[in-house]
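Two complexes, one shared chain (chain A), two partners (chain B, chain C).
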Partner chain A sequence: MEKVAIIGVGQTKYERDKKETFAELVFEATSKALEDAGISKDDVDNIVSVSSDFWDGRTISSMAISDASNAYGKDITTVEGDGTFGVLYGMMRILSGSFGVTIVCAHHKGTESNMRGITNCAFDPLVERKLGIDAISSAALQARRYMNRYGVHEEQLALVSVKNHKNAMRNPLALLPMDISVEDVMNSRKIADPLKLLDCSPVTDGACTLVLAAEREAKRLSTSKKRVWLKGTGHCSDAFRLGDRDLSDTRALKDAAKRAYTMAGISDPRKEIAVAEVYDAFSHMELMWLEGLGFCEDGAAGEQMERGVFNSDGKLPVNPSGGRLSSHPVQVAGLAAMAECALQLRGEAEDRQLEDPQTALVHGINGMCGQSHCVWILGK
Partner chain B sequence: MPDWTQEVEVLIDEGRISVPYSWTVGTTLSRFYCELRDNGKIWANRCPECGTVFVPPKIKCINCYQDLHDWVELPGTGTVETFTVVRYEEPAIHPRKAPFVYGIIKMDGADTGMLHFIDEIEPEKVKAGMRVEAVLEDERDGNILDIKHFRPLKPGSGG
Partner chain C sequence: MGKRVGIIGVGQTHHAAKRLDASGVELISEAVTRALDDAQLTIKDIDAVVIGNMDHFENINYVDMWAIDGLGAFMKPVFKVTTGGTTGTTVGACGYYHAASGLFDVVLAVGWEKNSESDTQAAIATCANPTLERDPFAGAIGPLATEYSMYMKAYGATEEDSAIVAARDRNNALNNPYAHSRQAVTVEDVLNSPMLSYPVKFLDMCPRSDGSCAVIFASEEKARKLCPRPAWVHASVVRHDYTHFGDLEWTFMPTLERASAAAYKVAGITDPLNEFDVAELYIPCATCGVKWMDSLWFCDHGGAPDLIRKGTFHMDGQLPINPSGGVISTNPIGATGLIRIGEGAWQIMGKAGDRQVPGVEKALCTGFGGCSWSDVMILGADLP
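The block that comes next holds the complex of A and B.
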């Protein structure tokens, strides 16, 4: 298979109540990505936008940011999800042979709307939606089921929040850099038991753009230092209805991870992955997804977290960016995770740079409680 | 030259989108809701291939992709698989005031869980594994809220 590389990365700062419009955010991130790649807008021939009409409050939401994303006179299409799925489509477009250098851009201004109302609309209007369930209360049902099944403690969930907020202190783009303790998390306001305020990610505004190119173009347009290769990917979805799943089960992620590892030629992820960005919208999810990705046995991530395995100085640093718990620009979140791992592999992650990582893993989701998973393996 | 972008008063425009929809409920869920509304019964459907019983009923088995024409009546009792006490108010979507309890209930006679409210018990006393029964509304409209909530099953009444 022909290789595809990320050759440019651009991000806004992730904040609440950003005063820029959607288009201004996309313009900022895309300009930075083109500058980072060292290419001109004319080197790009198509754009994959990641957006959600409900979050944006407008239909065909990619059209509104087409000029800002450099789509004027070019092709633009849209993918929902958290950006990891947008990269998947961007790569497919390049590999089809029909497209050249591809921009994948995501934007999100969740603080302009009502997260609970919007995520409630993800549920079946004929069944669960009328009950008022949303992203937080469904995640809480999952957290409880996971904790009960494996005997995981609330303090172990809290450790995820402590770690990720601490990591964010070295990320100038993150919304909530904080030096907090397990006690702080445990004493934070109860939201939906067992989840407390500091177990939940803050909905955040921002934009992120990646520039993708096939091997020949990547080598023509950029230096080896800037190139990060998409080495493997896998994608799998579980049942839509919460009650049709065991919410503590990670079968879809296990399948997605297996496909990604196979494509990337990874036989032992515990040894071969140097850094991972994992979808921690809620603290328990990081534990569950680390297990689903095969970094530890089912139910064991809490103990590993206690031992510091996933800290920045641990065996496998997880969410060095601070993760979604420190800033959660929903539609952008997975793309921001891709950007973080690209920067880590390039050795450009500034104060949070890990020691010469060679292979990184990015995990993104779509749907409630991780219905669908997208796993990426990136390499130098 | 001063940076005008730092000095400009950025305006906020308040908006609201309100769009009506008339969603068809489809044959499968219509049968479920009609039984609930007219007869006060909870029905499920079963996969002819793997035997999985779905409630609320589904059009096709998620495992086998088979049509589910085999209907079974459920007793209306079940076991709490997981639950949460919701502490925040969100009048835009919540049909009741916080704190209230959501549970996923594994219905007796079914293999899937049903999301609903758990009530008639202090939220702090709800436990996973607890036996519950459905409480129906007296006036029913043919939707999921025809089930008012689930409540703890009294000892000796089938629990």
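The block that comes next holds the complex of A and C.
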């Protein structure tokens, strides 16, 4: 199978209340990604945009970013979901042999959206929506179930928030760089028991673009930038209704991770992965996903967090960018996580650069409480 | 290079204005079950699933997640693609790329819409720029009326020309048990139907339907093993235009010209009018069934009315278009483009029942949407 590389990354700063339209954010990120790749827009032959009519408040929302994403006269399509799924479709299109250089772009203006209303619409319209359930209240149910099942404490959840906000202090693009303590998290306003304000990711605006290229194109296009290779991928979905799942179970993630590890030839992720960006929309999720990805036994991530295993100077640095807890532009988030790992592998992560990582893992989710997962292995 | 891919199964619901007997998930399940039956497979044979529709019609966020039970995608790889009117062909192309990439062997592609639960025109209106263009181009009818007015002025096409297309497609639908609107109409009936927006009349325009379509794509090795006569994908091409309606060209269809020219090149088609045996085209309004024929390279600009008047595209003509009755007979929007691909595949597989065109070797399928976007998929009985 032909190899596919990330040859360029571009991101806006992640902020609240950005003045630009979402098309302008896409233009900024895409221009930066093309510049980073050292190629012109004419070298690109197709575009995968990642957008949602719900968050954009506009039907056929990809139409609004056609010009901004360089799609005029080109082959463009749209994935609705996390950016990691956009990269997946971009890679498929390249592997089909039909395309050489692909733009994958995602945008989000959370501060123009109604998060609770929009995520409420992800639930069954007849039975569940009327309960008023949304992304936060369902995540709270999941956190409680996870804590009860494995005896995890709220303080262990809080450690995730402390670590990620601290990591964000070294990321100039992050929305919420903060030096906080477990106590600060514990004392922050209760949002939905057991989740407190600092256990939850912030509403964020921003855009991210990656440029992907087939091996043949990556070699042809002259640039000094290092290539980062897409070595393995896997995605899988659990059942829809919360009542049909044990919310503390990570079977879909385990399946997705197994596919990605098999494809990348990884037999022991604990030894072979040097850095991971996992989808910490809420603090408890980082713990659950680390277990699902096989970095520790089920229920053991909290204890490992206490021992500092996942800190930037730990055995497996997790979310060096600051993660979703520090900036959470929905849909953009997984793409931004890929951008972070690409920069880490290129040795260009500036103040937060880890020591010569060789292999990185990126994880994205779709749906409520992480119903569907997409796992990526990136390598030098 | 990627793998060659064939379509090995197609299923669709019996489409209707209101399918009160079924929820959206049940419509999806109906199409998926029929596609699996058509391919003589079970859900266990499916390696990956892709789905699409338009968010604002049914107001379901994360449709790929919500539809898991209907799709049979529990503990399987699944994601969603969506591009407005072209969603159905986008889903088809995505199914094709899944299998062509070599990552998955047997892929289920599903489009659906339950328009009876929606305010379709209000939802479509929000695609236009909110400050500049939402008033003049609200909904689907305005832009289509504008483009045919300009085409009539430029080339002397008439309202009767589009009425011929409307009568043709609507009468073809009488042979299609799945079609939503099945009525025998004459050219006069069309001309006498209520004016919606000059020159578009009620019987020129597509309905909004409840329905779903599922198409199963398989890599070459699997397709040969599982299907006696797969419909092979020869080309899949998409072309987009500018973001604003005001920037568009109106007397021809640039995206369809570019997409079809690129697809013909990939598929080695030099004389489309003679080389295709059947076409299932996304003609949302009979007026497009006149104007857009120019842009498929069937004739020079302005040549379409003459071909229409000669009956070139009737069932007994040189190139039968829309034996299924097309979009103006059936329009569950997120499925509409995929139905074109499914019907084209059935024509090649010889499974099109009373609407079968004899001896189909090559079929042309298209999708339309967004700001005058065009999708083209070419299917063939022979390996590409």
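Just so we're on the same page, the second predicted complex is superposed on the first by the 376 of 380 C-alpha atoms of A that agree within 3 Å, B and C clash if a C-alpha of one lies under 4 Å from a C-alpha of the other, contacts with A are read in each partner's own complex, and residues count from 1 in each chain.
Criterion: a contact is a pair of C-beta atoms (placed from the backbone, for glycine too) under 8 Å apart; a residue touches a chain by one contact, two chains touch by 3 or more.
Keep in mind it's a predicted model, so treat the numbers as computed, not measured.
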Partner, of chain C and chain B, that touches more residues belonging to chain A: C
Which superposed partner A:Thr78 touches (first chain B, second chain C, both, neither): second
Chain B versus chain C as contact partner of A:Gly243, first or second or both or neither: first
Partner chain(s) touched by A:Leu131 [first = chain B, second = chain C, both, neither]: first
Chain B versus chain C as contact partner of A:Gly57, first or second or both or neither: both
Contacts of A:Arg145 with chain B and chain C, given as first, second, both or neither: first
Partner chain(s) touched by A:Asp193 [first = chain B, second = chain C, both, neither]: first
Partner chain in contact with A:Lys19 - chain B first, chain C second, else both or neither: first
Chain B and chain C footprints on chain A, overlapping residues: 57, 125, 239
Residues on chain B engaged by chain A in the complex (per definition of touch): 10, 15, 17, 21, 23, 25-26, 29, 54, 56, 58, 62, 81-88, 90, 92-96, 102-104, 112-117, 128, 143-145
Of chain C, residues touching chain A in the complex: 1-3, 54-56, 59-69, 73-85, 90, 93-94, 96-98, 100-103, 123-127, 129-130, 236-243, 258, 369-371
Complex contact set, residues of chain A against chain C: 1-2, 23, 52-54, 57-60, 62-68, 71-81, 85, 88-89, 91-98, 118-119, 121-122, 124-125, 233-240, 251-252, 255-256, 259, 366-368, 371-372, 374
Residues of chain A touching chain B in the complex: 19, 57, 114, 116-117, 120, 125-128, 130-134, 136-137, 140-145, 148, 189-195, 239, 241-244, 247
